[in-house]
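Sharing a structure here in structure tokens format.
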């Protein structure tokens, strides 16, 4: 039984009927890779699933229960990583993470410390985010993602701005997440280096609904 | 003789000595790929060369003449594409390009029309940029880059947000630019699919100056 | 790996108060990082109050008469200016999105945010007001009354402004529109406030006007966070 | 490929005027896209002018006395608020960088930008002022004098504000700081302007004060763009 | 019965056709009533014993002032329906109200000012009632300003609906709060409707005018709603059917 099921999703943006009757299921331990050319609607799909954009119609089932994408309970099991890293420029990386994770009620200093180490972010975690490079910010955001221990990850181009080591780390973290029974939906243009059994793919074509590929 | 030569470049950002005594030369028809892990100083290097960031010390030679990175004449031969596409969200793509290119004195409607076609951007060139996806904006910025017909291109991660077709287009445009005798410095984490004879590479390592690789 | 267990197993702190506390702590940190923000608001208040005599008349006798108007208009404008950044900064860097996704009632989080905002701008404005009143020829005895009136007034303004701040989130430069939208709601506060201050300056009892102000505050606390939450959701789309 | 020739061969229009024209055209386009911007500034001006009677007194006889102060403080605040976005929007979306890289004197481009900004905000404010003056009990005969004084005054304020707008570019919410920075320079404008308006309202000749205002404008046109260009370069770093 | 009528009403094609059919039923009576009231008011009603013929401006002033408030209420109700039941045509109705409402408010202000000059010797007085009307104009303008600032239609609809609803709380507050204001202004005695002294010849045209204005508002609203629906549904299939 799929943990997450999306049925009959229609979304308009402005005049455009961006997603037309999209259906998708993701089970525990599965990653759904969302591909599609620029403007196909990947970002739109993820933001609708977070409840940040309104859908024209959508039937969402999460853990066997029908729910709205704005339900608090559903949000508690979900983490969203957008195009831009959600960090305050005036705070340090550490302070940012502390706030973000406290807000979700999962702040644990040691765990975050270990994750910073692993993502090579400890070095600059005490500097204000304002003075970090694009890739460094991205790494902090990834620490926040993993540390929030959500079951469902919604990632929008998670490898942007990352160097090759960083890109490898992302796939590693993703694999581990799936092994632990997590779910992920990842919009990306690069191919993900994940066990094929755990990987599904959804190809969006501009405005014409979605084709299921694998 | 190199068209562009950079000698003894030192840059501080905040406390950090990001670039220490960097030297580089680029000749006509050559592309210098700048690599380096996150935070190595790629963006910093490009912005210093545009005169947008001050350098501690820098000897810049352009077309055989020593100049400052803030010289008007040097700027007329240069185009910079930053992390974010320089577009006004309230104007359409077409209006944006018209303004950008008028500012450089190279506005020609047919040429821009042809380029829009080639980059698959004609479809959305009449929509306000606000309503475009990340990759669509990027494509518009690329049109502006090519249409400004500068000899020196400074590109910061030009393939970000682009789908695979878009990435291929970038390398194509770059190759053509080099064939016409252009110069390019490209900061990127992906490998560029360019004739090896035209490609040089500069690897930056965090704070330790630069190593020349090929 | 030990870094992640899943929601079913993860012990998650679901209480609301620690989250509000986290917001307060973060905003205080931000203030320490850039105290300029608060000082600028105060500076603006001082400047408006000082400009007025420049454009009008230097006589204290005349100034005393216009003191309530000047103080209140100054405080109102300063509060509205300060409110522009209430949610905008957080929206622009993407952190506000995370508030919506944290599974807590948004209205409560926004109320916490508005409250700390008032503490950092409205309260200092209030404390400054009696001093400025003195430069306008008002006697220092009027201080307690002025403090009370402005304290209540700025609190109500912050709450009212939070709705407008949410509504103008999607706009690039919402500042001016924010003032315009808040104004119809702010007029009663201004009228009662100025009335109370005038009575205080004349040495009369302002109790009735203060009660009305206080009831406006209570009304605003009940309704404004809900409206602000709805507005923020729409503004972030 | 025919799409690109190189600089040596490319025919590049190097005249300055067409670039300034491009800036003017673009800003008009932006205004057409969002007329709200201009209307909001006007709305703010109206609102400030309306606030004073609310906070002060409804008697026209009293209001007429404070009219010059109210009009000028209102116009000053509205101009300063409008100025906040002068370069900020362009800096945030990265288009201002391209101005620095286009190989033209930045000061000239910024002057064009400031001029069109005044046309779209300062001038409408000026036109509105006599109407507002009427609601404050000033007779309509004073209109020409008020128009002239405020026209010159807002122009000077726009130019002065452009310096501060450049300086505050690097800051997140420069608005309030911008007001503070501009104020020392704006005070002479305010004083002469309010004086001229007062004389006009009383039916006297404001010529001397107007000459002084005009010379401030000339001074500002000469110096402000250079200072603004330097400020923008620093602000963008 | 149930909610069927509600959904039927909420369907754009249906409302579009309904509005088309109803428009003449509002427009013609409105025209007749307004012309009749003007005739009665300007020529038949006796001049006021104090103000002479100056009082006749009331026939435009008072009805437009009442209508302005009524239109705000209609707008807020429509906005609320649109927000709560996610009904798009309700938003279309709300949007269509704003312009007319602002217009009537402005008319009442301008006619009031013109009347004020002969009556009070000045165009403007900071009287509570006048201030309340001015604030109402701000509400309308703020509503339109907010809409003009938001590109996306759906978002503009919802954001402006929240504003319209918040503004409703404001109406009674302003009404009562202004009583507290330190106005030294003597309440103008003419501005009392309940005086039995107003003769029938004066009152009848006033009421006729009010009804006429209301019907006129209805007609304008229907036309604007139609235009708004056309604009919103321009890509829908039924529009092509209607237009061809």
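We just call them A, B, C, D and E in the order they show up, numbering each chain from 1.
Keep this in mind: a residue touches a chain if its C-beta (ideal position, glycine included) is under 8 Å from a C-beta of that chain, and two chains touch if they have at least 3 such contacts.
Worth saying up front: this structure is predicted, and the values here are computed from it rather than measured.
Chemist: Of the pairs C-E and A-C, which shows more C-beta pairs in contact?
Modeler: Pair with more contacting C-beta pairs, C-E versus A-C: A-C.
Chemist: Which chain maximises the distance between its CA centroid and that of chain E?
Modeler: B
Chemist: Could you please state the distance in Å, as a whole number, between where the Cα atoms of chain C are centred and where those of chain D are centred?
Modeler: About 28 Å separates the centre of chain C from that of chain D.
Chemist: Rounded to the nearest whole Å, what is the centre-to-centre distance of chain A and chain E, using the mean of the C-alpha atoms as each centre?
Modeler: Chain centroid spacing, chain A to chain E, equals 48 Å.
Chemist: Starting from the mean Cα coordinates of chain B and chain E, work out the distance between those two points in Å.
Modeler: About 57 Å, centre to centre.
Chemist: Going by the touch rule set out above, which residues of chain E reach two or more other chains?
Modeler: 131, 138, 141-142, 145, 149, 151-152, 154, 181-182
Chemist: Would you please write down the residue numbers of chain A that are in contact with two or more other chains?
Modeler: Answer for chain A, listing residues that touch two or more other chains: 13-14, 54, 89.
Chemist: What residues in chain C touch two or more of the other chains?
Modeler: Chain C, residues with two or more chain partners: 89, 171-172, 177, 180, 183, 187, 191, 194, 237.
Chemist: Of all possible chain pairs, which ones touch?
Modeler: So the chains that touch one another pair up as A-B, A-C, A-E, B-D, B-E, C-D, C-E, D-E.
Chemist: Show which residues of chain B lie in contact with chain E when the two form their complex.
Modeler: On the chain B side, the touching residues are 128, 130-131.
Chemist: Under the definition above, what is the set of chain E residues touching chain B in their complex?
Modeler: For chain E paired with chain B, touching residues are 151-152.
Chemist: Inside the complex, what are the residues of chain B that reach chain D?
Modeler: 50-54, 72-73, 75-80, 82, 84-91, 95, 98-100, 102-106, 111, 114-115, 118, 128, 146-147, 149-151, 176-177, 180-182
Chemist: Over in the complex, which chain A residues touch chain E? Could you list them?
Modeler: 12-15, 54
Chemist: Mind pulling up the chain D residues that touch chain C in the complex?
Modeler: Answer in residue numbers: 36-37, 40-41, 43-44, 47-48, 51-52, 54-57, 65-66, 68-70, 72-73, 76-77, 81-82, 84-85, 88-89, 171-173, 175-177, 179-180, 183, 187, 190-191, 194.
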